[in-house]
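Below you'll find the structures, each written out as structure tokens.
Two complexes follow with chain A in common, the first pairing it with chain B and the second with chain C.
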Partner chain A sequence: MSNSVKQIAIVNQQSSFNTPNGREALDLALIFAAFDQSVCAIFIDDGVYQLYQGQQAELIKTKDYLATMKAFDLYDIDKILVCEQSLQRRGINACELTINANVATSAQIRAQLERCDHVLSL
Partner chain B sequence: MASFLIVIHSDNYASQSTRSALQFAQAVVQTGHQLKGIFLYQQAVNLANQHIDIPSDELDNRQGFIALKQQHAIPLLMCVTAGEKRGVTQSQVESHFTIAGLAEMAEIACDVDRLIQFK
Partner chain C sequence: MTTTAQLHLLSQTTTEEQLSARLTLVGKDDGIVFMQDSCYSLKSPAVVALLAYQTFKLYALADDMQARNIDAPSVELIDYPQFVQLSLDYQKTISW
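Moving on, here comes the complex of A and B:
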């Protein structure tokens, strides 16, 4: 493995439970963090729903993987960007998010993506 | 020369993107770049399922990937967790594919210049 740390962006675009994408993106974020890479988690479009508070996975008999995002801290994933416009369009306030994320404009998100070596979107 | 890792997410039969991934992979090696691996994630684990049988008058993506492995020693890796959830386990996996974890994918990703997704 190369010694230099890679900047990895994991871009979440799908809502929490309609597809397995959120969960499988989370697995990607955690594995890269476990390899001591610099991971940035980005939530855009319906992906912002993954951070919306008060979701009750048990009502639809689904495993609640969302709680695992609270482990971002433990894994040193501290760059968490949420798209401002995506939140607005869905009527979600930043104070309704489950984890401490930075609300970012699309220009800021684009700038972050440009700084990354690898981008994985799900 | 650049080094690449290809990650495929889409179902082999339901999407064109597996073929696009194959064509991209062929182009990488033909132009003298280094392809360090092809990783099957999410629905793409289907590609490794040996029970999938494509009629002889249709293009078989899997044969294309196997040829890449045979001619250029490119590892064909299938995500074990994604496979288990989709019924593609050790006994179903075609012999040219290797069962691997996300950790192996991440290790290669840390080492390459470019990671390209096909969804």
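Moving on, here comes the complex of A and C:
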């Protein structure tokens, strides 16, 4: 049975609300986790905006999927990598993130991608 | 306001390099409105620095800024009726 467990990396690279990508990436991550796959969530480029604290999606009549990120813990998704350089360029501090994530260098993210069986990028 | 002043609408995230390229097309009497996910860009110190000494007016849709928890003192927050009024005040709008 353990042979059927795959390591799946889901890479978020789009900002929160202009495209549905962020929400779909989250759905994917939770579905894979629900089927006992090993999921790693990675946030790079504009994807880091999805983790910025204090956002209120209801003000722009959008479903607040960002709050659902807190369910990562519940689904045993504990490998969460956020690109350090992407945060820095956008003026976001690691302490301003909504969830407990590992701030990682590009080299560390690259290494994680190598370890995964499948990589899905949204 | 001159009759040829344009209102530029930004709706996507932008880096300081991209914005710098865009600003070459913005006249000194023009206005820029940050809306949708472009509001996130105002969190970047490099973007704020780039906008600091410009002569054109900077606006942002208040709801879009608040929804993303972005605060930018150098930008005038506007609501939807003000946005409509602005689009009438300028010669035309240009969506990038």
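The criterion applied here is as follows: the second predicted complex is superposed on the first by the 119 of 122 C-alpha atoms of A that agree within 3 Å, B and C clash if a C-alpha of one lies under 4 Å from a C-alpha of the other, contacts with A are read in each partner's own complex, and residues count from 1 in each chain.
The rule we apply is simple: a contact is a pair of C-beta atoms (placed from the backbone, for glycine too) under 8 Å apart; a residue touches a chain by one contact, two chains touch by 3 or more.
None of these values were measured; they are calculated from a predicted model.
K.L.:
Do chain B and chain C fit side by side on chain A after the overlay, or clash?
P.N.:
fit
K.L.:
Using the touch definition from the top, say if A:84 reaches chain B (first), chain C (second), both or neither.
P.N.:
A:84 sits against neither chain B nor chain C.
K.L.:
So in the superposed three-chain picture, is A:92 touching just chain B, just chain C, both, or none of them (first/second/both/neither)?
P.N.:
After superposition on chain A, A:92 lies in contact with chain C alone.
K.L.:
Examine A:15 and indicate which partner it touches, taking first as chain B and second as chain C; both and neither are also allowed.
P.N.:
So A:15 only meets chain C here.
K.L.:
Return first, second, both or neither, reflecting whether A:46 touches chain B, chain C, both chains, or no partner chain.
P.N.:
Only chain C; A:46 stays clear of chain B.
K.L.:
Touch check for A:35: first (chain B), second (chain C), both, or neither?
P.N.:
first
K.L.:
So in the superposed three-chain picture, is A:122 touching just chain B, just chain C, both, or none of them (first/second/both/neither)?
P.N.:
In the superposition, A:122 contacts chain B only.
K.L.:
Contact-wise, after the overlay, does A:54 reach chain B, chain C, both or neither (first, second, both, neither)?
P.N.:
second
K.L.:
Shortest C-alpha to C-alpha distance from chain B to chain C once the two structures are superposed, in angstrom?
P.N.:
Here the least C-alpha separation of chain B and chain C stands at 19 Å.
K.L.:
Taking the touch rule as given, give the residues of chain C at its contact with chain A in the complex, in rising order.
P.N.:
Interface residues on the chain C side: 11-13, 15, 36-37, 40-41, 43-46, 48, 63-64, 66-69.
K.L.:
Could you list, by residue number, the parts of chain B that touch chain A in their complex?
P.N.:
7, 9, 41-42, 81-82, 85, 102-103, 105-107, 109-111, 114-115, 117, 119
K.L.:
What residues on chain A touch chain B, complex-wise?
P.N.:
1-2, 6, 8, 20-21, 24, 27-28, 31-32, 34-35, 37, 117-122
K.L.:
Which of the residues in chain A come into contact with chain C in the complex?
P.N.:
15-18, 46, 49, 52-60, 62, 89-92
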